[in-house]
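Shared chain: chain A. Partners: chain B in the first complex, chain C in the second.
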Partner chain A sequence: MSGRILTGYCLLVYAFLLAPIFVVVAASFNAGNFLTFPPQGLSLRWYVVFFENEVFMRAIRTSLWVAAVTMVISTAIGTAVAIFQVRYAGRAKEAVRVAMLAPLLLPEVLTAIALLFFFYAIGLGTRTMAGMIIGHVVITLPFVFMNVSAAMESFDPAYELAARSLGADRWTRFTRIMLPLIKPGVIGGALFAFIISFDTFTISFLLKGIGTSTLPIQLFDYLRTNFTPEAAAVSSVSIAMTVLAVLFIEKGLGLKVHRF
Partner chain B sequence: MTQVSISHLTKSFGAAPVVDDLSLTIDHGEFVSLLGPSGCGKTTTLRMIAGFEIANSGTIAFDGVDVSPVPAEKRDIGMVFQNYALFPHMTVGQNLAFGLEMRKVAPAEIAQRTARVLDMVQLGGFAERYPAQLSGGQQQRVALARALVIEPRILLLDEPLANLDAKLREEMRGFIRDLQKRVGITTVYVTHDQAEALSMSDRVVVMFGGRIAQQGAPDAIYDRPASRQVAGFVGQVNILEGMVSGSDGGRAVVRLPQGEITVPAASVPAAGSKAAIAMRPEAVALGAAGEPGWAGTVVSRQYGGNLVDYKVELAGGSTVHVQCLSATPVAPGTAVTVRPDQSRLWLLGA
Partner chain C sequence: MVARRPSLAPLLLALPAAIVLIVFLAIPYANIVMMSVRSPGNGTPYGPGFSLAAYIKFFSDGFYLLQVANTLWIGALVTLCALVIGFPVAWQLGRGKTKLRGIYYAIVLAPLLVGIVIRSYGWTVLLGNNGVINRSLREWGLIESPLPLMYNGLGIVIALTHVLLPFMVLPIMGAIQGIDPSLENAARSLGAGRWTVLRRILLPLSMPGIQTGCILVFVLAISAYVTPALIGGLRVKTMAVTIVDALIDTFQWPFGSALALILSVIGALCVVAFARATRMRWKVAS
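Here is the complex of A and B:
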């Protein structure tokens, strides 16, 4: 009996989470001229419009590129700090953790404004994409850090001692013992970094380079003046990109390294 | 084979020294156990030999060469950890090959040596398995094989049997001992289990508070403990407090509430000084009431299969444990006599 209630409850949660996605995707196949649900007839016309829209295409390329760069930088920094925090920080462990999670506590818009002032103060400004990428790294770092430090906590230091006793130097111990064993955490963190960077709006809006635009910003811009199903098509493609990125990173880099 | 000489080794974490001015020489091919309660410094000593901890002062030398400046990865040691620390993402074969790869051994030779050592630990054919697919005892043997396949100078074992069940633990004692003799490797074994230390070692080093309390062959440690602390830690012991009342040749006459008793003593303390006699529970016999010996009453009986442990309250007030073969049970409350084996008593200072 309680099993059935639980199943029903889970289905409701899934419905709640997935219904908006379903509505967006369904609306994107709308044959009519306006963003409505249920769709008025089925058609791929808005996808064609979208793929022929050079502005959107440029924005999606920018978003993918920024997300990829952010992922690499954030994963490298976050992983290094997580290893330091768990293994070497000693008494500073809690302080390091709080510092790393601070961007989560601050409203994103405040982080963005603070960075904006800072970038102009140091002369970096917003002429390049550097500022936006730094901003994305700041907001994605906590996610990489949390994932990797959790993996590090369950990484038994005895493995490293064993490798040492067998003659492995520091680099070999890192690449052949530690990294493979904390890999699920690193990949999980990298995924978060990519997806959050790809989807974020606020920080991109304030820090984007002059003349550049990411997909969420472009979409927002578009929706201010238009209300066609093209917006749904953009969203659907964005969702598909995210799912593809997840699949690619999971399968491509091999999340399942342990055969327990 | 390698000789290890440790001299005046000291290590402290914070204020109190964990290892305190410890000196010890381990001979070529010798099996030495460091035995003591937790916190006695035995594991820290082992980790310093391995190079995982750096001593505050003192030296460790392998064959006369000071290894203090040599990092762990260059010391050429084989180590077995309490939880085995087998690399979970590598197969048994890859675990064994790891140390050989670090030594740049050719792949063909790696395969050959790995197979040979796996046979030695009776795990031939297990090379493709992952550690998680093995039982505790098998993992333990893989850990041994991984430490031995690199043909290290010294084998270090840190409570390697602590995670096994009782029966397997006893089997593994003999297995490790035989393997060590066959390979002939200098071995340091850390344990808090006196039965392990006594049954496996050439020499047992009993440690308390970072210092060596006593060292010697297992039977010497058991039969002639140097102090109450050692006697109490290595096996069970009955201690009866009394007073020296005189001497009889090389033996001391000690007066106990139960009567006088003569005890062999290297040097007899002055008459009137406090002393105690010690005896193992199995060196005491139980007799029917009225037989010669000390009168007492059985308080409790603990059945242990082949042996029974009786707790007997003596007429003078103290209690002794008597351990005997479980032939005819004696019920608690029964009046009995207790007769110590005079040749197996020893004298303890006050």
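Here is the complex of A and C:
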């Protein structure tokens, strides 16, 4: 009997977890002028408004571009250090892991402030996108690292040894043996870096270049003054993109992503 | 085993990451300390000399001390709510043999995948004066004027608990999965009821997970920016909101830095006090 109470309790918690996400998606199909739930009639009008809103469209393009650049840089750096950690770090293995997870454990708002001052101090400022991209690389690095290092742990060094005894040089061993075997971890980490970069707010908010806005920033600005369902449409599209990326990782590639 | 090579080549693999972490994390953090003792600027973010003006301003104004207390109070409440709400879920996920486990697990992770702005926005839709909850209650005739759910501490606690719940559930779930089920079975066979098993076996043995979860949630709660900014509005401000205001809106960089440092130090002291009170064995969460 108490088992049933537990299940019931947990179902309530799951409802609590999904409620705000559900409400946003449902509200986006509202036909009325104001944000109400349940919606007053169904319509896609707010999606049309959103897609015709040049400000939001520019923000989406910026977000996608920043996320793509971040993903490439973060994946390259994170993969290299994960290989080092599992294969070569020796006694420093645990220390390397803690250091790599540091950006995840430090409050994002502090990291953002620290970088803001630093960029001004070295004269980079926020005139270009470079600062924001560096910030994104710092906070996405742990995710790439976790995924690749997990893949490295399950990769049997005997394969590499066999290739070496057959005369394969270091580069060949890397491209023909190691990389194909840890590919799932690399792709999982890369997509995760993309998602985190696409969704993150605080880092972008403090480090954004003048006149450049990512989607979460634009949404935040919009929400401070507007209450139309357009924001719900923007949010729903953003959620849909993330869900598609995760489904692609888990179903399409059959990967298990290490998020935590 | 691959023989360890004397060569330094493998270090090159770690070099880019080391540069990023040192140049773009360690040095900038050290720089905050420097910034906090700069003299306040006059039309500029900071002045030419050094001074303790920022710290004096903080400690001489009761407003800021009250705000720190308020932020810590919200953090503690969120941690407690997340623990009470999260523990049964972690138990079900860690022990449950239900077929739906995969789906439940996905639901717990789902909030992590939706941007923080969107999740906070969802709560404004639910909690606002014309939001789902107030509107429904009014239509059912249960209330006449809207309940004050938003623009106050209550709304911030509700929304932050939601945002941070996965960080409580996941470590506890990991700890519970690591407990040998035969311990519970043995207790049951010796006549212990479910409640006794929970109190005497599961709770003590999952303590490392509970401690990790509490610390993560507390630290993230007191430093959260987006959720308090959107839900708290202009009336209730947490430290993180004040810090960002000081930096972005009023360009008081030394003061903002001092606030950020003070918040970090107080947060760290709370974590240490908590760890000592619960006799935590320090181990890095995996």
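By our rule, the second predicted complex is superposed on the first by the 222 of 260 C-alpha atoms of A that agree within 3 Å, B and C clash if a C-alpha of one lies under 4 Å from a C-alpha of the other, contacts with A are read in each partner's own complex, and residues count from 1 in each chain.
Everything that follows uses one rule, which is that a contact is a pair of C-beta atoms (placed from the backbone, for glycine too) under 8 Å apart; a residue touches a chain by one contact, two chains touch by 3 or more.
As the structure is a computational prediction, the values presented were derived from the model and not from experiment.
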Have a look at where A:L161 lands relative to chain B and chain C in the superposition and call it first, second, both or neither.
both
Which superposed partner A:A31 touches (first chain B, second chain C, both, neither)
neither
Now for A:A95: first (chain B), second (chain C), both, or neither, which partner does it touch?
neither
One more residue to check, A:L44. First (chain B), second (chain C), both or neither?
neither
Is A:I113 touching the first partner chain B, the second partner chain C, both, or neither of them?
second
Using the touch definition from the top, say if A:A240 reaches chain B (first), chain C (second), both or neither.
neither
Taking the superposition as given, does A:V55 touch the first partner, chain B, the second, chain C, both, or neither?
neither
Applying the document's definition of touching, compare chain B and chain C: which contacts more of chain A?
C
Can you give me the overlap between the chain B contact set and the chain C contact set on chain A?
161, 259-260
Mind pulling up the chain B residues that touch chain A in the complex?
50-52, 71-79, 81, 83, 85-89, 98-99, 102-103, 130, 132, 146-147, 150, 156
Residue set of chain A touching chain C in the complex reads 2, 6-7, 9-10, 13-14, 16-21, 23-24, 27, 34-37, 76-78, 80-81, 83-85, 87-90, 94, 96-100, 102-103, 106-111, 113-118, 120-121, 134-135, 137-138, 141, 145, 157, 160-161, 195, 198-202, 205-206, 216, 219-220, 223-224, 231-232, 235, 238-239, 242-243, 246, 259-260
Enumerate the contact residues on chain C facing chain A in the complex.
1-2, 4, 10-11, 13-14, 16-18, 20-21, 24-25, 27-29, 31-32, 35, 45, 85-86, 88-89, 91-92, 98, 104, 107-119, 121-126, 130-132, 135, 159, 162, 165-166, 170, 194-195, 219-220, 223-226, 230, 240, 243-244, 247-248, 253, 256-257, 260, 264, 284
Footprint of chain B on chain A - complex, ascending
156, 158-159, 161-169, 172, 176-177, 180-181, 257-260
